[in-house]
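Have a look at the structure below, then the notes.
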Amino acid sequence: MKIGMIGLGKMGYNLVQNLLRNGHEVVVNDVNPEPGQQLAKVGAEFAASIEEVAAKLTTPRIVWLMVPAGNIVDQVIDRLIPVLEAGDIVIDGGNSHYKESIARAERLSAKGIQFFDVGTSGGTEGAAQGGCFMIGGDRVTFGVIEPLFQAIAIDNGYLFAGKIGSGHFLKMVHNGIEYGMMQAIAEGFEVLSKSDFDYNYEDVARVWSNGSVIRSWLMELTENAFSKDPQLDGIRGVMQSSGEGKWTVETALDLEASTPVIALSLLMRYRSLETDTFHGKVVAALRNEFGGHAVVRS
Amino acid sequence: MKIGMIGLGKMGYNLVQNLLRNGHEVVVNDVNPEPGQQLAKVGAEFAASIEEVAAKLTTPRIVWLMVPAGNIVDQVIDRLIPVLEAGDIVIDGGNSHYKESIARAERLSAKGIQFFDVGTSGGTEGAAQGGCFMIGGDRVTFGVIEPLFQAIAIDNGYLFAGKIGSGHFLKMVHNGIEYGMMQAIAEGFEVLSKSDFDYNYEDVARVWSNGSVIRSWLMELTENAFSKDPQLDGIRGVMQSSGEGKWTVETALDLEASTPVIALSLLMRYRSLETDTFHGKVVAALRNEFGGHAVVRS
Amino acid sequence: MKIGMIGLGKMGYNLVQNLLRNGHEVVVNDVNPEPGQQLAKVGAEFAASIEEVAAKLTTPRIVWLMVPAGNIVDQVIDRLIPVLEAGDIVIDGGNSHYKESIARAERLSAKGIQFFDVGTSGGTEGAAQGGCFMIGGDRVTFGVIEPLFQAIAIDNGYLFAGKIGSGHFLKMVHNGIEYGMMQAIAEGFEVLSKSDFDYNYEDVARVWSNGSVIRSWLMELTENAFSKDPQLDGIRGVMQSSGEGKWTVETALDLEASTPVIALSLLMRYRSLETDTFHGKVVAALRNEFGGHAVVRS
Amino acid sequence: MKIGMIGLGKMGYNLVQNLLRNGHEVVVNDVNPEPGQQLAKVGAEFAASIEEVAAKLTTPRIVWLMVPAGNIVDQVIDRLIPVLEAGDIVIDGGNSHYKESIARAERLSAKGIQFFDVGTSGGTEGAAQGGCFMIGGDRVTFGVIEPLFQAIAIDNGYLFAGKIGSGHFLKMVHNGIEYGMMQAIAEGFEVLSKSDFDYNYEDVARVWSNGSVIRSWLMELTENAFSKDPQLDGIRGVMQSSGEGKWTVETALDLEASTPVIALSLLMRYRSLETDTFHGKVVAALRNEFGGHAVVRS
């Protein structure tokens, strides 16, 4: 098939290579022309603008967005609407909030354009070699685009999950689980690091990656990380987050679902952004007030 | 009544003054002679040794220990046993683990000596002016020592809680609740401090101390703390702990009681002892591994 | 002063009595005429409609809303706007979200009407006898309405907290702290209930209310509750929530503030709404899968 | 090599088959003769008693214990000591507490017997087909028994972790991580189950098992579980635990390591053992006290 890919960052770039390698044609575009020109050398068709992407496709046009979540998705859709027509298909493969995807589907539906919300997992390596895709939208129309997922997903690595929004919702929850798993693994190594034993963390992560109950891709990546920096001396324990963990907790609150582990994983990330805390000062001051306990002066 | 007080730190010293003011006689002893000599000036009877405490009392001797929890309690009891006799009474008013109190009661019981485990709350101010006492031991013998608590406790501020161990158990749980309350208050101020509003924290603590649902002595102490240092700039948020919160969590684990708030209050204290964490490094390294997310270099 | 009170539920009704007793005049209105008629017997002026409230006041009119948070506040304001004029004052004493209060202030400001967001604490008893009020709005205009708070608040029980929104924000955080404190207290009794000791919970709550570090109004209420039902046999442990705890956690997430205790207090409430959980089934099924551990059949 | 295996439950039985298949000779014993008789049919040598195990081995005797953790391990060791001699080797492959393993090593060392603490992971399937082994003990002597692990472990599936105790410590922490991972996965499905979408959980677990960041053996087992019971209708969400998660948390407390996710995973298991809670009753009663909120009557 021939599709357009808008957004050629780490994920989009790798997806295009994956599609090309699997026999599809891809018209590529990005605000930055460089990655598109690189991809043109390996078989992609370069488009200088969003409008040009549409012009280079035949109906029904299929346009895949792989741009940062939020306003940029809307801006791209705003420019696509005038140049697409009824029956065309827009796929958002980014980390959009599922409620925004539902709203976008309605907006596009008014012009007869079909929308699919696709959660993408597997990291940059997955995008290049075979990733995991969770897809929401119209089940019948999905048949049109399914060959794309057959091409770029690992075996059993894509799922038509249900009505619009269900794809990004699933990806959101996937990331919530990911936060919890990562924190669980990290806490385990925290305990090891404070113990009297003298563990080689790379060796530990390797043995846990082979045959144990907790074997997982994340544990393999833990092994990789320790193989490069045995004590992680080179980095600080600042745990950034990019939004989907927060969305999972907010959604859990809305649904009155008790998710303590996912919530705590997120809160510990926030805690890690600070070297000292105001709440700590309040507790320290209170201990001093009632018991005369010493405080650490700043 | 006449009793002996061994251990004249912040708590013991204030308790002696409280007892003297309320008409009791107190023989005082501490490893450091100075506080005992000070108390002798206001009516206490100085004893140079533990043995001398016993010698200066008449049967049934009543000896109150107010020494640091742990081995020191046992050391004092070891020295008391030879100089006490059947029918005498030992009171441990310190923060001992309730299981140790049960063991000590058995040891003393073998010589016919009664033991009471007394949890003391209210801080140094409470010890001086009227505190809160949770008492475990033999109910009948309790009648002998009850006048002491009528003297030094605030109205309704003492409770015969039940069999041996029940006093220190109650104090332990009290401290667990205290950890949770303090952390809850502190988290509230953390949210205020990160908000767009420009609160005067002392004013906030004052209004919350007067008529609100969360009015409490801890909130009044929060007001005090902010009155001295409006932003707590002078102290670091290092939250030490002295053991009873940990015992509460350990006990909850043994009892299979779900106590997330008390547990997290303790874990956040441990977290505050570090400016960076190994678990944070592991999570940061993992984010870099699967998504190429930037890490903060150390 | 003379003011209008719209909303005569538990809180509004008691506030009117408080205002009347302290020498103010109050025009009262509610969708249900009965409470207003009752209050008319003790000196309030009954108004059959929102419009009639405005008609019975002289400029600058002061109208206090004590209606359920959410749409109803907007509906009342929609009806007030046509019958108020520039210089009049609207006070929302309910549990509104601070962001909605900011939006309402802007809407009213377009007509020259001043708005104050007032967080009210102290329960129904506080409303009647002297409560706690956290007030956001224009500092200069606050002088006009301050006599009301001098009348109905306990000493030091009101605070002009800052610009619009700061009153309801403060009340929201107050409730977050309240959730944490309540859960901490409750976990303590959970541990007691599972222990080998045989505590009288009312006695425990009483002794902890007198002289202890954790003495607080909530502990006094705990004593009251146990005095009526010593083991709380008559009620189930279903912990409802009315929104402000959730808002506190959502706000903490937005501010990247780590508030584990408040978050967990909320999540345990959600957990309590269910007698069985889907996440529990997943864990039980997994234990069976990898270790052959028995499951409990439903 | 020829070794003795004492304890032929799910794990021991499978390990013997694994050893036999890989060319080792095994003398088998269990309090229940049946599994040993079964194994005798496929090449094992049956021993009617612990003493007979020792008698059937040649020096240096190697005896592997695969019995329930706790007193039973000590009872077996008590019977082994008289029939073993200096230079013999005892391996404890069960889920013993690492501190007990250190104590046992000392006890055996007094007779010149070497002891290895071996944490075994991978479930019953791993024991049969190739598991994961974490080994503590004397590094030089380890060379003697290493061929066993080369036979029964999956590739890279065993690790000599360090001095005595380090094997069981590692297994303990492994289980702590396992608790956290399981709870994270389960919370994700909890959110899905409360959402408006209509997910097929088996399909979701399958797609997450293929190419996603959270792919893991536990996710594959989740797929298996849903394949048998699509909504897990047949089981209750009672999450039992067998001790190692609790040990991990206790150890974390001792080490002052902040492990909120592992701790909460355990506390949610305890919570799941109850359909109603005392702490819930206390919170519900308090809400009624201060705000007149309705309670659910029991």
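All chains are identified by letter, namely A, B, C and D, in their written order; residue positions are counted from 1 within each chain.
Here is the rule we go by: a contact is a pair of C-beta atoms (placed from the backbone, for glycine too) under 8 Å apart; a residue touches a chain by one contact, two chains touch by 3 or more.
For each chain, UniProt lists the protein as follows: A, B, C, D = 6-phosphogluconate dehydrogenase (Decarboxylating).
This structure is a prediction, so every number in the text was calculated from the model and none was measured.
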| item | value |
| --- | --- |
| Farthest chain (mean CA position) relative to chain B | A |
| Same or different contact residues where chain D meets its copy chain C, judged by the half mark | same |
| Rotation angle (°) superposing Cα atoms of chain A on chain B, nearest 5 | 180 |
| Euclidean distance of C-alpha centroids - chain C vs chain D, Å | 48 |
| Rounded Å distance between chain A and chain D, as computed from the means of their C-alpha atoms | 33 |
| Of all residues in chain B, the ones touching two or more other chains | 123, 183, 185, 187, 190, 194, 213, 217-218, 256-260, 264, 267-268, 271, 277, 279, 290 |
| Partner chain A, residues of chain C touching it in the complex | 213, 246, 249-250, 253, 256-260, 263-264, 266-268, 270-271, 273, 277, 279, 290 |
| Chain A-touching residues of chain B, taken from the complex the two chains share | 10, 123-125, 182-183, 185-187, 189-190, 193-194, 217-218, 221-222, 224-225, 229, 232-240, 242, 260, 264, 268-269, 271-272, 275-298 |
| Chain C-touching residues of chain B, taken from the complex the two chains share | 121-123, 126, 130-134, 136, 153-159, 161-163, 165-166, 169-170, 173-174, 176-181, 183-185, 187-188, 190-192, 194-195, 197-199, 203-204, 206-219, 248, 251-252, 255-262, 264-265, 267-268 |
